[in-house]
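Here's a structure for you.
By written order: A, B, C and D. Residues from 1 in each chain.
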C-alpha cells in the first residue's frame, strides 16, 4: 500500500483540514464535527440540502457544496457511513427554517444513520425529508437484497434537488423532484483494479492481471461478472446497454450522461469510453442534453469507471442547467 | 446472580480486548463479503466505550449501558454503529430503575433483539448479527440463571452457522449465493460480545 | 497493462472524439488535425493563446480552453510533442489578427516543433510570440542539461496570459506577463508508481513496493532521489521546501498554490498533503491567495503529486482571479 | 556510383523494416533514458514515409527526400521528428537539381549535420544522434565513393560509443551521470538509417 497519508486513523480529519484550507472563502467545517458546510449556510428560508456518506469517494460529497447544490456534507470514516450525531450536526448547519432535505445512498448503514439523525432533528423541531438513491443496475432489485446501491447517479440528485431549493422550492417540492430524478437515473460501473482502505492496508478484493469486474460497487462490492478486460468500446457497450435496458427510453428523449472515473483511471480513458457511449446513445435516437466526464464518485485509487444516464423532462432540464458554484460541479 | 455496573464495565473491557485483538480478522471477514471496515469500526467504537466507562462512575447498570450505547452510536458508524447502539440502548432502557438480575437482563436482551430487527428491518436467517443474538436469547430462556458455558457455546455455534446462510440483508446480500461459505462479520463481533459476557459472569462467580 | 482503450495506436484520436462529444457547445476540433479550439475561436482582435504538448497529461491541455484562458490546444501523440504542421493549425485556429501567443513547456521536442510552427506562421504573416515554461526545480538549471522542465506551473501561465489577452492586452503585453509568471513560478513532484504508455505496454520505470521518486518528471523522467515512501507531512515538507528555496519569498508575500495530482492519486491524499503545505507556507509568513487541489497536469495513471507555488504581485493577482470558463479551471 | 530516386525509396523501405522490427528495442532504450516513445514515434513516421513514397512517382532524388522529410516532420513528433525532418530536408535541398553522386550526396549530408546541430542547438559529444551522423560523415570524407562496409561499421561503432557519453542534451540529460552506460535511442535509429543506406548501396552494386 503506497499512499500519501500520515496516520491512517486520521485520514478523514487530515483531509478535512486540507479541504477547508483550500476553500477558505466558500467552505467551513462545523467545529468538532466531520461536517463541511457552505460558508454562508444556513440560508434563511431556503430548504437546506445535506448529503454525505463514507469518505473515500472524493469529490463526493464535500465537493458538491455550493450555491445551487449542497449546503452541507457529512463525512464518515473511510467507506463508513457517518454516525447519527454527525448527520444531525449537518442538518442543523443547513437548517434555515424551511426544512432540510437529506440525500442518502442506499446502503444499510447510510439509511440507518441518516434515519436516526432525522429522528433527532424532528425531535428538535426541524422538518426533514429524504431520498434514498438507488441507481446501480448491477444489483438485482429484489427482496433478496438490500436493493440497489446508490452510486454516481447521486450527483444528479444533488444537482437538481439543489437547484430546486435554490429556486425557492419548498421541502415537498424538493422531495418531489428528487424522487423524479431517482426514478429516472441509472448507472453501472466496472473496476479494473481494487482499492485499499488506508487502515486496512490491503486491497478489498483481488483481480487478476487481465481481469475486470463488471458491476462493481463504489466500496468494492461485487458486481455481476468477472471477466477478461475487453476494449473500451466493448466496455462502453456492456455498461451502456445494461443501463438502457433498465428503463424505457424512447427516440427523441433527452438524457444527461456521466462518464465517471473511479479514481485512478486517466481522463484520457474516460473520454475514449465517452466516444463509444455517445455513439450508442445517438444510435438509439436519444438526445444527449449534457455530458459530464471526470471523477465524480470515486473509490479511492480504484481504476475503472461508471456510466450514468438520467432521462430528463422539461422540469428537470432547466434545473440541471441552472448555475452551480460547487467546485466539483461548476455550471 | 445479578450484574452490577462494575460488571458492565468488565464486560465492555473484555469485549474491547477481543475486538482489538481480532480487528484484522473482522476486517478480513468484511473484505470477503462487505467493504472491509467492520474490524476498524468496531475497534474504534469499543476503544472509546472503555475510555468513557473508565472516566465515569456509575450507580446503575442502565447508566453504564446507556453510555456504552451512545458511544457506539457516535463512534462506530456504518451498519454496525446504529445496530449495536440500538441493542445496548434498548437493554439500558429496559433495565432503567431495575436490578440486572437474570430475568430483567433477559427481558432487556429481548428488547435489544426487537430493536435490532426494527432498526435493520431484518429477521433471523438473513446472515446478520441477529443470527447470533436471537438463538442466544432463545437458549437463555431455557435457563433461569446466567450460564457462561451455555452462552459461549450457543454464541459460538450460531456464529459458525452463519457460514451456511445466504445473505439477504446488508452488503453481503449483493453476493447472493456467493455469500454462502463465509462467516458474517457482525455475527463474529457479536460472538465476542457474548463470549465476553460469559467470561464476566465466570469471573463474577 | 490494464486500460480502457481500443487500439493503442488511436488513443489520441479516440480521446479527441470523446472530448468533443462531451463539450459540443464550447469546443471544436479543427478537421483532420489534433487541434482542439474554442467553439468561437478565433476572436477578432484578441491575442490568441495556444498551448499543447504530448497527450497523456489530461486535463492538460484541452481542458484549459475557454474564455479567459486558451483559444486552442494542440494534442500530440502520447507523451510526444505535436508536429509543426499541427501546431501551425493551432496557431491559425487562434489567430484573430492580434497575433498568437504560444505557451511551450521546456522539452527539446516541444521547443523545436513549436519553433518550426512559429516560423511557418510568420511566413504567412501571423505575428507569433512565445514563452518556454521551466518551473521544475528538480532539474539543475545548468548548461549540462536542457534546462528545467515545464510541469504544473504551466497552468498559471495559461491562466494569467489568457486573462491578459481576454482583457485586451497586446501580444507584447501578454508576453511580458507570461514572462513574469514564468519567472515567479516553481514546482516539484513525486511519483509513487509509474505509468504505462498504451502503445509501449510496459511501465516507463520501476519503483519497488516501498519506494517513491522525488523530483519526477511528468513523462516519468528521473528525479533527484529514490527513497522509501514517507508520510504525507514529510513529502509535503520535501517538495515545498525545495520550491521555497528556489526563489526569494518574503514575509507577507502573496502566493498561489497548486497541489497537483499525477493521475491515480485520490483527491483525499491531495487534501492531506495540502494540509501540511498550508501549514508550512503560513509558518513562513506567506499569504496564500488561492489554492488549487486536483488533477491539473497528469501523467496517465501515475500516482504521486506535485506542489507549485507562484509568487504573486498586484498585476498578476487580478488576472489569476479573473473569470475563466475552461472546464478544468473554472473561476 | 550515383543514387537514383528509386534508391532513395529502397533506402527508406529498408530503414522502415529495421525500425519496425526494432520498435520495441528503441522504445526500451528510450524508457531507460527518456520517455519511452522513440520506437513508437519512428515506427509511425517511417511507415508513413513508405506509404508516401510508394504512392508517388519521383523524377529526382531531391523530391523523394523532400517527401521523406515532410512526412517525418508531420508524423514523428517529439524531438526526433524535427531532427530527422530537418536532416532529410537539408539533404533534399542540397541535392536539388543535382545528381546524387558521392560528392553531392556527401555535401548534402554535411548540410544535414549542420541542420541537426542548429535545430537541436547541440554538437558532438552530447549523446544524441549527432554522435552517429558526425563521425559517419567524417569517415565518408576519407573515401571517394560509397563504401557500404565503412558506413555500417562507422555507424555501428559510433552508436556503441554513445554508451560512454554523459548526456547533456535531450531528455537523457536529466539523468546526468546516470545516463552513462545506456545507448542513445536516437543514435540507434540513426544507425538503422545508415545501415539501410549501406544495404541499398550493396544491393545497387
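Just so it is clear, contacts are C-beta pairs under 8 Å (C-beta built on N, C-alpha and C of every residue); 3 or more make two chains touch, one makes a residue touch a chain.
All figures in this text were calculated on a predicted structure; none of them were measured in a lab.
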Revision key, fill the gap. Per the touch definition, the chains contacting both chain C and chain D are none
Check your understanding: Roughly how many whole angstrom separate the Cα centroids of chain B and chain D?
Key -> 76
Revision key, fill the gap. For the pair chain A and chain B, the C-alpha centroid-to-centroid distance in angstrom is 32
Check your understanding: chain B to chain C: how many Å between their CA centres?
Key -> 54
Point to revise | Topology of the chain contact graph, where touching chains are joined (line, ring, star, complete, other) | key: line
Study note, to complete from the structure: Contacts from chain C onto chain D in the complex sit at residues 9, 54, 76-86, 107-109, 112-113, 116, 139-140, 143-146, 149, 197, 199-200, 202, 204-205, 217, 219-222
Review point. Touching chain A in the complex: which residues of chain C?
Key: 2-6, 11, 14-19, 21-23, 55-56, 58-59, 63, 192-193, 209-210, 212, 229, 231-233, 235, 259, 263-276, 278, 288, 291-293, 295, 298, 300-301, 303, 305, 330
Review point. Which chain D residues qualify as touching chain C in the complex?
Key: 27, 31, 34-37, 40-41, 44, 73-83, 119-120, 168-171, 173-176, 178
